[in-house]
Structure formats: structure tokens, C-alpha cells
Amino acid sequence: MGVVVQNIDRAAPDVIDGLAACGVATVHEAQGRIGLLASYMRPIYRGASIAGSAVTILAPPADNWMLHVAIEQIKPGDVMVLATTSPSDAGYFGDLLATSAQARGCRGLIIDAGVRDVVDLEKMGFPVWSKAICAQGTIKETLGSVNIPVVCAGASVEAGDVIVADDDGVCVVKRAGAAEVLEKAKARVANEEAKRKRLASGELGLDMYQMRERLAEKGLRYV
Amino acid sequence: MGVVVQNIDRAAPDVIDGLAACGVATVHEAQGRIGLLASYMRPIYRGASIAGSAVTILAPPADNWMLHVAIEQIKPGDVMVLATTSPSDAGYFGDLLATSAQARGCRGLIIDAGVRDVVDLEKMGFPVWSKAICAQGTIKETLGSVNIPVVCAGASVEAGDVIVADDDGVCVVKRAGAAEVLEKAKARVANEEAKRKRLASGELGLDMYQMRERLAEKGLRYV
Amino acid sequence: MGVVVQNIDRAAPDVIDGLAACGVATVHEAQGRIGLLASYMRPIYRGASIAGSAVTILAPPADNWMLHVAIEQIKPGDVMVLATTSPSDAGYFGDLLATSAQARGCRGLIIDAGVRDVVDLEKMGFPVWSKAICAQGTIKETLGSVNIPVVCAGASVEAGDVIVADDDGVCVVKRAGAAEVLEKAKARVANEEAKRKRLASGELGLDMYQMRERLAEKGLRYV
Amino acid sequence: MGVVVQNIDRAAPDVIDGLAACGVATVHEAQGRIGLLASYMRPIYRGASIAGSAVTILAPPADNWMLHVAIEQIKPGDVMVLATTSPSDAGYFGDLLATSAQARGCRGLIIDAGVRDVVDLEKMGFPVWSKAICAQGTIKETLGSVNIPVVCAGASVEAGDVIVADDDGVCVVKRAGAAEVLEKAKARVANEEAKRKRLASGELGLDMYQMRERLAEKGLRYV
Amino acid sequence: MGVVVQNIDRAAPDVIDGLAACGVATVHEAQGRIGLLASYMRPIYRGASIAGSAVTILAPPADNWMLHVAIEQIKPGDVMVLATTSPSDAGYFGDLLATSAQARGCRGLIIDAGVRDVVDLEKMGFPVWSKAICAQGTIKETLGSVNIPVVCAGASVEAGDVIVADDDGVCVVKRAGAAEVLEKAKARVANEEAKRKRLASGELGLDMYQMRERLAEKGLRYV
Amino acid sequence: MGVVVQNIDRAAPDVIDGLAACGVATVHEAQGRIGLLASYMRPIYRGASIAGSAVTILAPPADNWMLHVAIEQIKPGDVMVLATTSPSDAGYFGDLLATSAQARGCRGLIIDAGVRDVVDLEKMGFPVWSKAICAQGTIKETLGSVNIPVVCAGASVEAGDVIVADDDGVCVVKRAGAAEVLEKAKARVANEEAKRKRLASGELGLDMYQMRERLAEKGLRYV
């Protein structure tokens, strides 16, 4: 505890932006169905879709001091990822911290705890994915750490990993493999467009994916 | 397991549409306060209000194979109802399956599990009531069944039962009694309009429903 | 049980309206971070922001009789606060009761249970903060009480206390101290505006709040 | 609502007792992995292992009147199964009702709600599987039904179905198929004993079940 | 915050002990079915049954400093009741604090948070009813208060109220009415013994409580 | 997915056994209050207290194939740690697998899912800490991995890390630092014994830890 890692590696900006364009569900599939945060992490408003480099924060319950420390470490395009040392739904983050983070170029916050001032955050266009919306105030008494590996909502996140978040949830992509994941994600997007047209025309997935034989082998009976 | 029932009976289309117009709360009351699914089943977007004949699906956890099988069984106006053999919040359903289902005339999905691509689903106007929004991918390995009786979110549903769903939740109406329930629901709607006007004018429910005497008998004291 | 307290004291209208303008997060901070209801209490639609004097209701599970009794006690500007004697997510309140309450000048409902007809309630502009949205009907068989002290969603509420509610949640302000809390809340609002400008210009909270020295004393290490 | 079905069919006593001897996990497997109640249903004390014919009860939230009605319908060897019309954790059942039920030959209670007097129930040897232990009292105001089909903790139960319950949970076996399920369950028990010895001697499941080839085909890599 | 009320009134020792002998379910009924804490409050071991005067504690999340302050205020026969300012499952209390509390004559702890060292606590015979068992350590940084009114697990508790706790849960009895509640509880106990004998002999509650007529009036049908 | 790491490093046996002797709460404190699994992980029976080297398993929901693969990798003294790719409460593990694991010298299982045959497991003395007790059967269709880093119940675990588990929960100690943590844990144990005696004699923590001055500085007021 009490450590701030100042220099972190980040993925290439075009890779990050490419992942944002693909969206969470596609990126998650493209990297082998790993990296999703728990489904209780929900956006405070609909329609935001972002990607950015993780600035990780490990914070005590109901103590938001490390958010101030973390904001100094933000580079434009980053996303803050806050995990707690024990569960809390307190409101660690509101419009003042969002103003400060946004001024540093932060694209959003992923927080396994609570957030408040959600009306203001939506007006500012500062998206947050959180476990709770809660006005409960926090203190500034105990150290945590910044940019160390954390477990946030069931997913392991290291500083500099790419965070992708939209209305489907939040996914983490390991920095080192981000470019490769992007290629696979783009391929899926291209591939899905053709499938979508066929399905829209009435073709069945049973036929398009040639499932009938395997279903019969498994014993599916029509009665 | 591994059974697909192909021919199911459905309620009359005008009965189904009539129930949709009455809405979940009214239909639930009209049939004696039964048939509601658990309140954790929430719409992925606000404002959808549908009714349709249930095509039921029993699926393994995190395995969406049976959705492909079920889509072939859909007739225009149907609603898919998916229950799982053990709890899962995985994202069984997204925009490709919705494209396919919509092409067959499906009006929506009720799923006691997760759904993804919710932005696309809202754009397509394909409503889903689910336990979770979750991007987690699913597999196609294990058989389930289609159009057998299922328990979905605490309610027993048989193929061909009428599903009514809106922002208040989801209600199932037994096919055989659907026309009778519709009559009672229409009577409630008519009756409520008169009550609404009296209440809006300031008349109290205590007086309109003649509650004062019974409250006094029960011992209510004003101090 | 079975008691209706008819005459309750209320805070001054300008104090109540002033608290509404400050919002939940600010009021909660201004009174020393107490008085918040549990974060599971969510608004049925976004954008409502109210304050009012509490008319408290203690009701049995799935029995909404006392709501009718309570509505008679409402004065313009009041907010109903319903607690249950044991947990329930049934739909105690819908558009008819809302019509009646609104006709009496009621500003909203805080209910540690379920609500229904949420589309209609939004159209009417009658806001509700609830534990659940649920169409389940209720009965009128058992007495509860009106305007006695209750515990609602973890917070103690007495009749006449000021309820402040917005998208961040619900906060209760003791009637006797409401004016003083308003003064402190206004001071916070004024103070925050200056901070917001400094943070927006890129100044760090670490500097603005002079946190660096204390962090170092606690042992924070930059690596 | 308000119906008591008086004459129900039951499975043969030796079948019921045979299922009890096999236990929940084995019976559940033997009938194709269906029929389990949700895992939140827990025994109030450890070590009870029963089976019996279901006397079903549908009861309003926090109203235990129908338990009195149901007890009259009990035949020796029966198990009561209580579902509620909307969720409740109130304490529907305690030592007085257990005394009465036990006097009629009832073997236990499965209740998707709360129970109380658990110390006395354990002393009496009257087992209960419940959602909660809760002292909250209930009322006797509203009718429910006895021996109609219910959904209890996610499982569909009809009067006369066989209920099997032990420390692993609760399973329902359809009456009509109970004898066949028992045969399969016994076969599993016999089969498991041989496997247990081989595994105890150090033989691996990988070899005993000949899994290695199929794992390799699926692509398992040892590194 | 930051207040310790030193002198509190307590109920008479024989009243307190009498309530312990009656048990939670009976006391709860005797006082009109109020005062129960939420059913998630469970004993860390079975078989403890206590009553005592409440020493109340309001503590920050994951900060157990106020427990040290509270222990000084304990008189023999007291029970500590800890509520938190926002939810926490951290382990506020373990064997060292229990040793200290027990040395002061404390009979147990009711805590809407976590507890640890449960093996040692059972060996010491120091019972705890808690929301969680959790080893998570706590800090000593922020003030709370002692012997102010708190809301613990949904129940309002004032210092000096009588806490009754056993395997059925936890109930609070207002100090001023405790003697009266004891009288009613004793009457229930006496009354129940006679009922128990009649029920054990096979008499039905339907007859003993003369329910048949009222059930028929409500419309119960036997088929 | 689909990877089995065969050679893992383990901590020294005496270090592992020393950590078991200290217990979860002490070890957790000794390593700076990190490494705890979520408090919903509970032992299936009371009184077990173990430590061992982690053999990690990442498994699909309701698919226990990888447990067979993992058992081959067990060395005497190991503990299996199973995480799932999406949430499941199915019963992955029962008495047959336990027989096999025990024959290989496995000391227990930590599983963020369900377990069954708990009566048999207790008889065998094979302890399990799990999220659920559930008889639901699982399949063997999809690969996972063995001995890769996993997140189990919110904690990051690598193969060979030391798992400590008792009635207070489960804690993971990084292999590399295990010896150092043991030293600190032993020091705590020694230190606590002296404190326990002083507290048992009636000395207050307020005095023993010299808290009074700091409490006064923070503003604690006695009234």
C-alpha cells in the first residue's frame, strides 16, 4: 500500500480507438471470451462508448483520497479503474473530481463502488460504470495505491491495459495483446455484417451455421 | 432434454393484441393477481409494450444453441421465453439473433439470464426483458428443449401462453383463459377511467371506496 | 399499529425548496454525512429533483391500505415515505393513487417496496424512489400507521422531516435542523463553484487542497 | 385462489423411501439433472434426509393461514411445500405448527419464505428447508390454495410429487416417473461404489473415464 | 459524530433476563410484531440465547475505533449494537475485543457488518449476530459515536433498549415498555403450552382456533 | 484456454504449515490486509483449518471437466482453487472427485461456485469453501485451464500461491513472500497473547493502545 507507479506503458492510440469502435461484446469475443467485468457494473447513463488506458487505483472502503493522487497520473485518453480493499457502495466520485479528471483528458471511470452527482456527470459527458449510484460521502484518511495490479469487479487489471466500456458492460484487454485483439475484432465486425444480411433475409442460423447435423447427432428430437 | 415441440396452439391474435393494450398491471389484476415473473426481470430499454405467444426455451447455463433451434419455430407475433437449467447471467442473445428472430416476426424476448448488444437492440426496436445485461459469450454444446413447460423467473410458462410485457414487468396468461382475462382487463380499464377522474378532482379513496367504516372496525385511531 | 397522527409540524416552505435546489449529495454533506437512504432506492425515471415534508407510512407486506389513509393527511408540498413491517417488493402504488396524491399536492413517494404503472407516473410527472418496479397487486386487510417514526431503507424518518430526493438517491433532514442545514448546503454550493473553475483550468486537487504534505507523512511513495 | 384439493395421488411408499436413501444429488442426476429447487433453500439444521409426497401450499406474503388448512390434508409420510404469491421472508412456521404437522405424520416442510423457532424444530426432529430464518410474525387474513400446482424456489411442484431433501438441497420427482427414477438412482449408487474404490486407490478420473483422447481432440495443451 | 453518551438508563435486570427466557419469536409477537432486525443477521454459532441492554455504536465503514470507546461504557449485562454509516462487511470484531468486552461483563455483540475469529469466539462463549463472517481488517482513523440512536439492520435502537437474540434472530424492545412486554410474553408462553399439547394429540388448528367458519366466509372451496 | 501448466513452484512445506497454524485473520493482517477472498466464500462444515499450495482451475459455467485434469497435477499438500469464466452455482464437486483428490494428497477445495455431497465430504474430512451448496449436475464439454492465474471470489491467485482457509474465510499469500509473511504472523500471535491477558484482566484498549489523546484531538466528546 501507499505506492504510486508513475511511468506506465500504454497501447497505441489508434489501437485503443479501434477497440472502442468495435464495442465490448465484439472485443470480448475476439480475445477468447475473457476479460469481462461482472455484470453488476452499469453505466450511469446510456449511450457512452469509450476505450482508454487504465490508470488503476486501489482504495480503502469509503475513502477517495487516492483519486486525487491518481488524477495527477492521467494522460489524455486514460480511463481510471478503481477497486476497493473491501466492499463499499459509497460515492467516491462526483462532479468536482470529474471536472478535474476531464481537464486532464480522462475519458471515464470504472469503479467497483459508488458514484454521485450523476446528473452533472451526464451533462459534462463524463461516463462512469459503477456498482452503485450513492450520495454517501467519503473521507481522506488512508493510503491506497495507484497503478498497481488490481482486481476490479472480478477482473484483473494492470495499469496500461486497455479498458473498453459501453452499454453492454466493461472489458479489459491486456496491453501487450491489444493490437492482435483489434485485428480479430475487426474481422468479426466484417464477418458479422454479412451474416446480419443473411439473417435479415430470413435465412436461419440453423442453416447458415450448418447446425442441423450436429444437433441430430446430439439427439435432438422434433415432435 | 433435447425435445422440440413443433406444433403449438396459440391464442387468437386480437386477444393477444388486446392484452398488450391493457398492460401488465391491469392484466395481472384481471386474472386474479397471478402470473407475474419476478421483479428482477427488467426491460433493456424503456417504452416497449408487447404481447405475444410464448415459444419456450430451456437452455443450459451459458449455452445459447437452443435459441437457434427456437427461432425456426417462431410464427409472426410470438415472444421467446428462455429459462435456464441453472442460474446464468451470460449474454445469450445479441443483435444477430435479434435480426434473425425479427425476420421471423418475433416481437421480443423474455430471458432469465443475460443479453448483449443492447444499443443495437434498441435501435432495431427489438425489446428484451432480462435478468442482466452482460456481454459474456456463450457456447453451443449441449441440448436443451423448445416448447416444453418451463419455469422462467418464478413463473410457470407453457408454449402458446400469452406473454404480456411492458415497463412494469412481465406477466403470463394461460392460453385457454386469455379471452376471459381480456374481458376482465377491459372492464378494469373502463372502470379505472371513472375512478381516475374522481380522484383527480380531489375525492379521497377513503370515501370513493367507502373504507372508513371498515378501518374503524379494525381499530384505526386518529390522534 | 393502527394509529394516524393528524397534526404534524413541517419545516418552512422556503427552507424545503432551498434544500431541493441544493440536491441530495450537497445536503447530505452539509449535515455531516448522515441521513442517506440505502443506495438500492432508485428513481423510476431520471431527472426528478424534489424536496418535501415527510408523511410517513408503516404498512404490512403487500398491503397498501394505509396509502389511502395517508393521502388524506397530505398537505401541498408533502412527500410520502412508506416503510414495511417485513420486506416486500409488491406494487403498492400506481397511477390511481398517484392521481389522488397529486390532487392533494403531494410531490412524490419514497417507498421501500415496489411501484407500478411507471409509464403513467412518468407522464404525470409524479416521481417515485423505490426498491423495485413490480406489478404485483396488494390487498387492503391489515392496519398500519401514518405519521409515526419509521425506518425506511435504513434511515430513520419522522413525520415532518424534510425529504430530499434526486438521481443520486434520497436523504432525510431532521425538521428542527433544516434551516441550519440549508445554510451549510448553500455555503458548499458557493464554495464548490470556485473550486470547479480551478479544477477545470487544470489545477490539481493535490495542490488546491494542499494534500501533498499529509500524503508524504502517511508514507506515500512515488516510484 | 381459495381452493383446497382434497384427494391427491401419491407415489408408492417404498419408492419414496428408496429415493430418500439415494439422496438429492443422485436422484437429481438419475432423472436427467432436472427438478432442483434454487440453492438458496437451506436446511435449518444439518443431517436431515427425507422424502415424502408433496402437499402444496400457495400462500400470500406474510400470511400463514393456509398452513392450518394444509395440515388437515396431510397423510403420514407427506412433506409440505409452500410457495408465496410474492416474495416474503416472514416466519410462517414455528414449533406449534410443527407439533400439529408432526402429529399428522408430516416429515418436513419446504418453504420459499421464512421459518422460526428453529431450536425447537431441531429438538423435535422436524426438518425445514427455507429461504430464511426469521421470527417475523404472520397474519391470517387472505386465502391461498392447497394442493394446486405451484412454483417453489424456481421448481414446478404438483401435489403428490415426491420431494427429496437433504443437506445438498431439495429436488422434486414427478409422481408418475418416480419408480423409474428410483431404478436409475439405485443403478447410479451401485455404479458409484465401484468408481469410488478405484479413485480411492489413486486411479485418475482421466483414465477411468477415458477422457484423455477427447481432451486432446478439443485442443488441451500441456506446457 | 464524535459523541459518547456516558450515562444511560437500563431496564431492570429481572425484566431483561425474563425476556431472554421467552426468546425472540415470543417477545416479537408479545410487543405487536415490531422490533425485529433484518433476517440477514445470523448468529456465528448455534445455541446462544441472550438479552441485554444496548450500548449503541455508530461506526464508519471498516473502522472499528469506536468499539474500543464503547467497551469502556459497558456495564455487566450489556449487549453492544453496532451500525455503520455506510455498508461494510469488514471484520470489526475478533477475539481480542471479545476478551475485553467479556471482561467488562458484555453478553454479546449485534453488528450490521462483519466479525472474525469465530472459532475463538465460540470457544469463549461470546455470541455475535452479524451480517457477515469476514477476516478483513479495519482501521482506527475516524470518529463515530456511542450511545446515540442508531438504525441497525433496519431496526431503530436507542441506548438502554433491551436486545433479545437467539437462533431466530434479533429483536429490540424499547426500554420503557420492557416490563409490559415481558408480561405479555410470559402469557404467550403459558398459553402456548396448552395449545402445544392439544396439537400434539392430533387436534387441528382449524378447530382449535375455530377457523372453519371464517375460511368459508372468505370463500374457501374444498374440491 | 485449454492450457495445463504442469510444473509449478511451491512454498516450503514448513512455511505452509506455519501459516495454517496462524489462521486466516492473522495471516491477512500480517501481509498488510490484502489477499482475502470475498466473504461469501463459506466452509461447508465448521472447524477445518488448512493451508496448501494453489492448483488453480479456470472452468466454464456448470462444466467440471477441468477438475479431472487438475487432480492429475496435484502434489500432496495442495489445495485446488476453482474460478469460473462466468458466474455459476452448479455443483462442480462431490464425493467421487473428493475421493480422487484426497487420494492424491489434496487438502481441500476453494471454489467460486457450488459443491454437493456435503455430508460425505464432512465424513471424509475433505473441506471445501464455496459460494453455494448445490446438487446441480455439471457437464464435461468445454476446456478451461489449469495452473494459470485466476481471479477467485475477487482475489488474484497464481498457481503455487499459498492458500490459507479456516472458519473466518480464505486468504491467498503470494508464494515469493510467504516466509516473510509467516514471520510477521508469528510475531503477531506472540504479541496478541500478551494483549489478551491484559484485556482479560480488565485493562481497556483505550489505555493499552494509548488511544485517549488521539481521540480527543479528533474531537471526541463525552457527554
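In this document, chain identifiers A, B, C, D, E and F correspond to the written order of the chains, with residue numbering beginning at 1 in each.
Please note the rule applied: a residue touches a chain if its C-beta (ideal position, glycine included) is under 8 Å from a C-beta of that chain, and two chains touch if they have at least 3 such contacts.
Quick caveat, the model's predicted, so the values are computed rather than measured.
Touching chain C and chain E together: A, D.
Comparing the residue numbers each copy contributes, chain D and chain E share less than half of them at their mutual interface.
In terms of their C-alpha centroids, the spacing between chain D and chain F amounts to 31 Å. Averaging C-alpha coordinates per chain places the centre of chain A 28 Å away from that of chain F. For this pair, chain B with chain F, the centres built from the Cα atoms lie 42 Å apart. Centre-to-centre spacing of chain A and chain D amounts to 41 Å, using the average Cα coordinate of each chain. Annotation for chain E: residues 33, 36, 85-87, 89, 134, 136, 142 touch two or more other chains.
Shown are all chain pairs that touch, namely A-B, A-C, A-E, A-F, B-C, B-D, B-F, C-D, C-E, D-E, D-F, E-F. Residue ranges on chain D touching chain F, taken from their complex, read 24-25, 28-29, 33, 36, 39, 42, 46-47, 49, 166-169, 171, 192, 195-196, 199-206, 209, 211, 215, 218-223.
Those residues of chain E lying in contact with chain C across their complex are 1, 32-34, 36, 38, 85-87, 149, 151, 154-156.
Residues of chain D touching chain E in their complex: 2-6, 65, 68-69, 71-72, 89, 91, 94-97, 99-100, 102-104, 114, 116-119, 132-137, 140, 142-143.
Interface of chain E with chain A (complex): residues 60-62, 85-90, 134, 136, 139, 141-142.
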